[in-house]
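Should a chain be cited, it is by its letter among A, B and C, assigned in written order, with residues numbered from 1 in that chain.
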Amino acid sequence: MALTIDLPLQLLQITFLLAIAPLIVGITRKVRARLLCRRGPPLVQPYLDIWKLMHKDAVVADNASWVYRRAPYMIFAATWVAAGLIPTYATGLLFSWSADLIAVIALLGTARFALALAGMDVGTAFGGIGSSREMMIASLAEPAMLLISFAVALIAGTTQLSAIASLFSTGDVGVRVSLGLALLALIVVGIAENARIPVDNPATHLELTMVHEAMILEYSGRHLAVIEAAAQLKLVLYFSLIACLFAPFGMATGEKTALALVVGLVTFVLKLVVLAVLLPIAETTVAKMRVFRYPAFVGSAFAAAALAVFLRFVSRGF
Amino acid sequence: MPEVTIGLWCIAGFLGTGVLGAVLGRHAVATPLVYGTAMCVALAAVLLALEVLLGAAPATSLVLPIGLPGLGAHFRLDALAAFFMLVVNFGAAAASLYAIGYGRHEKAPLRVLPFYGPFLAAMNLVLLAADAFTFLLSWELMSLASWTLVVSNHRQSANIRAGFIYLLMASFGTLCLLLTFGLLSNATGDFTFERMRAAGSSETVVAMATLLALVGAGSKAGLVPLHVWLPLAHPAAPSHVSALLSGVMTKVGVYGFMRIVFDVIGDLSPWAGLVVVVAGGATAVLGVLYAVMQRDLKRLLAYSTVENIGIIFIGLGLALAFRADGQAPAAALALTAALFHVLNHSVFKSLLFFGAGAVQSATGERDMEKLGGLVHRMPQTAVVFLIGCMSIAALPPLNGFVSEWMTFQAILLSPQLTPWGLKFAVPAVGAMLALAAALAGACFVKAFGVVFLSRPRSPAAANATEVDGFALTAMLMLAWVCVVAGTLPGFVIDALHPVTRALAGSALPTQAGVPWLSIVPIAESRSSYNGLIVFFFLIASGSMTALVVHRLASRRTRKSPAWDCGYPLDSPITQYSSASFAMPIRRVFGTVVFGVHETVDMPRPGEMRAGHYRLRVRDPAWRYLYGPLARLVLRSAHKLNRLQFLTIRRYLALVFAALIVLMLVVAAWR
Amino acid sequence: MNPLWFDIAHLLAGGVLVLSLMLLYQDRITAVINVFALQAVVLSLSVGWQALVQSAPHLVATALIALVAKGVIIPTALHRIVRKLDIHREVERVVSGGPTMLAGLGLVALSILLVQPVVETADPVAREDFAFALAVVLLGLLVMITRRNAVTQVIGFMSLENGLILAATGAKGMPLVVEVSVAFSVLIAFIVFGVFVFRIRERFDTVDVNVLERYRGERREHL
């Protein structure tokens, strides 16, 4: 297809994700507040927050280095690029082949690396606590994530996200235990990686329970805004990953007609909203865990993903 | 002149620098002269290797009338040797450049300079050797030369101990290799590789030889549990030599394994591949777990070498399994991944050791608990060290990620294997590789975060100064290679074609013609990765965001003391240290893997003494394998001690008895 | 056969296996009992589905027995025992969680590995059922050896028996009599265990099996 159509479609994807991410977070906050019998902030509050933070002065600690000041943009860029490479409303976009599922996971690793370094830069106890815990969680969540990608890739015979989505949307794959387990594991990993309850509380400022918030404790102004935007983008990234791997219906997989694209876009937004409603419901039913219960929780994702890989061998057709 | 002869001349050049160092050792001019010459020779060898590899020149061989009578010394330069020659001499060139500046800090240059050249020469000689005798001789020469460098700082008793253990392990490794060659040549009694290859052996012999080669070469490369000498010996040497030991000499160990198993032995059962894969997986996970626990920067790097050797062996094992199963393209992918990682690791591990050496020469410290905040004092070193950390943590868009990505792709081909056990074991090893990759991220966040970021933990760190230009140039060069190999991996893969074609019988599709310079190991519908585009996107979106934010929103920055939840404390010991950073990971894995022993001595209220926290982490290889072994040896040595005090008559009787027993054995054998 | 039927059979049998692993993962006794009840329910669904697929009405009876006895009666009784003994908060393991889970995964892989080539010629439903069933049996044994509490050991035993039922339904033509007798034997075993648990408790004031070691005739040296 001509570059003139492909390029705008790819651009649409990356700008659309960026634009919708705060709204999705707004929905989760609203639903959560409603479940707790509060009225909750308006849906557009995350946009307003980012706007406000952007226009404030950035207060930087005296001994902060360039790592501290560059890290937010690095985190944001890595998350954004990763998000832009996941098929959302259509498969086979212009750059979809430039990184596969494993590369997307690794890009998130790059963002995490920058974030953990930023937490250590100023040399405060809280930054260190956050970084060290984040890396502990990641050291369990990342292998689980890679095993999930193994399970999916072994079934689909490819690690290309577009190809996986196209294959799964045909329905030929059927209902599989492996995929169910992989979904389960992906949800757990997503919760852990996005600092949601029960692993971390995105709204906490209670010092000793923080992980994500502890790392970014020193940040303010535009730096904080960029990090917040990256965190929102990451949530949407995981939602679209779940949608792309386990509910790829509605996606424009074949010829990119206007109708198919609009259908794809609408179903994608619907999927995001459904997940954004389900997440706080799940969150309100559990309590936050102690830090040293995390390994068991994230480890269960690892176990489920490993089981998914093994069970793939007793499935139909192999 | 055939290429192999040029290679031998290069080796002679290296030996010449050794002589130069011995003669001029006391002069101030000796250091730059020796290292400068070594660098020139190494660059010449790099060019030679590139010519052989890229020009796809046919293998050239040479027989010199030295060595064993009737055998002579056989040398051969083929694609495999050329690739490793490239790795070795590129690392050597960088280390020599680095040492021109760094070597000035050396207190006793006579203990380093004369042995540096022979060490490089011996490594190259191993690569060129084409018969068992020459191979073992140069292998031992390499061990000895590196041993002298390890104990060059002989005033520290720890270094002497490290040297002793190194020597012990090296001799053990050589013994295993000796037995391997003995087994392989048994059929013909001929020790040239060519004859051994042609002869072929029975299945049992092949299995035993493979296992012995794995142990023998693995002990040089650092496979768990044969790795114990590595974290002791590598940090003991001067930093440029540490870089060579860790980044380059371990690769010669890998070469030894590949030469024997892939080339000389040839036909294997897929199960041999499984053994190698599992050994690699265990090495990767355990190596990186030990690395996270270290507080000595150079030991951390040495343990991380163990991890990377594990990753390389996973690739090699997969290649063996695929090849034995008759799947040449998959074998080519796994082999390419392993070789790519060999190159990558030699580059970024040299870079990191150079960085550690820079830190050590600037502060006099290797202990991370006494470092910190160096990003302000050594800004350029910090940048290149960060690039090294990101590469080794396998983060895109740098080179470490590409080779790991290819290893993962090879693992995902495992359902094609016929034996059911392999279908299950290979994804399980994939999980171990994933775990190792994630832990490597944690490990290098710790290394960079504790050493370069945060506040200085000692006056030495607070007053550090940037290193000299030679060292910086060497590090910068390696950092560039990390970026270039990460963004344009297709060219490296193409350069590996002759090697994979020779050893795996197939090669990956040519990558140079793929649009947009992405890499496609098997087919576009299966997987592809484009480092260049990812790199470009990262830079573009990051800088665009920064630009937009600065233009459209605020760009004002205010400086203030750190907030720290309202309780900022001045003392640098309130920061997270290396031990505290590793604590959560130690909690999760440590109790099982290390038998971590923590004691807290907390004074009671009212007592005025300081509290104490003690942490003991021991490598279980010592506790469960070498400790009992050493005790056994000690006990038997004690028993044999009595033999020292016999009369001459009794000694003669002993010798006579031994002779008779030997003759009886020979008689029985017939 | 219709592929979807196969998928559902696969899904249900896989569900039993996953619940076995969850049994291994749980720390609290009440949670263990609940997971066990859930496993029984999924098992009965699986057996019921097999009844439909194989059009074997006697399997419906098996499904009902599993549902009523193991899904309802036994869990309720166990809950009562636990409440009576006041041990519902106890966290009890001999081996810590991580290695146990890894061992469990290894056992699953091992059983698939063992069964796969042996019954490769059999029809696929039976094949995967055998693999799952063997894994469930092994995991039940693992639960029994990694827990120190008598109640959880009972549950481990019964989950092991769930695996046997799974295996039995997968093979066509398993007579009902066998199943009924198996079910009854388990019920009896359960009663015996229950009585034992109470007796142990009365006698030693704990249901920790390790404590019982101390009362053995031949003392081990390190105790």
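Quick note on the criterion: contacts are C-beta pairs under 8 Å (C-beta built on N, C-alpha and C of every residue); 3 or more make two chains touch, one makes a residue touch a chain.
Note that the structure is a prediction, hence the values are computed from the model and not measured.
Chemist: What is the chain whose Cα centre is as far as it gets from that of subunit C?
Modeler: For subunit C, the chain whose C-alpha mean is farthest off is B.
Chemist: Could you quickly compare A-C and A-B and let me know which has more C-beta contacts?
Modeler: Between A-B and A-C, contacts are more numerous in A-B.
Chemist: Taking each chain's centre as its mean C-alpha position, how far apart are subunit B and subunit C in Å?
Modeler: 48
Chemist: With chain centres taken as the means of their Cα atoms, state the distance from subunit A to subunit B in Å.
Modeler: It comes to 35 Å between the two C-alpha centres.
Chemist: Where in subunit B do residues touch two or more of the other chains?
Modeler: 424, 428, 588
Chemist: Scan subunit C for residues touching two or more other chains and write them down.
Modeler: Where subunit C meets two or more other chains at a single residue, that happens at 98, 109, 112, 116.
Chemist: Where does subunit A touch two or more other chains at once, residue-wise?
Modeler: Each of 295, 306, 310, 313 in subunit A touches at least two other chains.
Chemist: Where on subunit C is subunit A touching in the complex?
Modeler: That would be residues 3-4, 6-8, 10-11, 14-15, 17-18, 21, 25, 97-98, 101, 104-105, 108-109, 112, 116, 124, 127-128, 131-132 of subunit C.
Chemist: Of all residues in subunit C, which touch subunit B in the complex?
Modeler: 96, 98-99, 109, 112-113, 116-117
Chemist: So in the complex, which bits of subunit A are touching subunit C?
Modeler: Residue positions touching the partner: 174-177, 180-181, 295-296, 299-300, 303-304, 306-307, 310-311, 313-316.
Chemist: Which stretch or stretches of subunit B touch subunit A in the complex?
Modeler: Against subunit A, subunit B makes touches at 372-373, 375-376, 379, 382, 386, 390, 393-396, 401, 405, 408-409, 411-412, 415, 423-424, 427-428, 430-431, 434-435, 437-439, 441-442, 444-446, 448-450, 453-455, 516, 518, 524-530, 533-534, 537-539, 541-543, 545-546, 549-550, 552-565, 568-569, 572, 574-576, 580-585, 587-588.
Chemist: Inside the complex, what are the residues of subunit B that reach subunit C?
Modeler: Spelled out, the residues of subunit B in touch with subunit C are 420-421, 424, 428, 588, 591-592.
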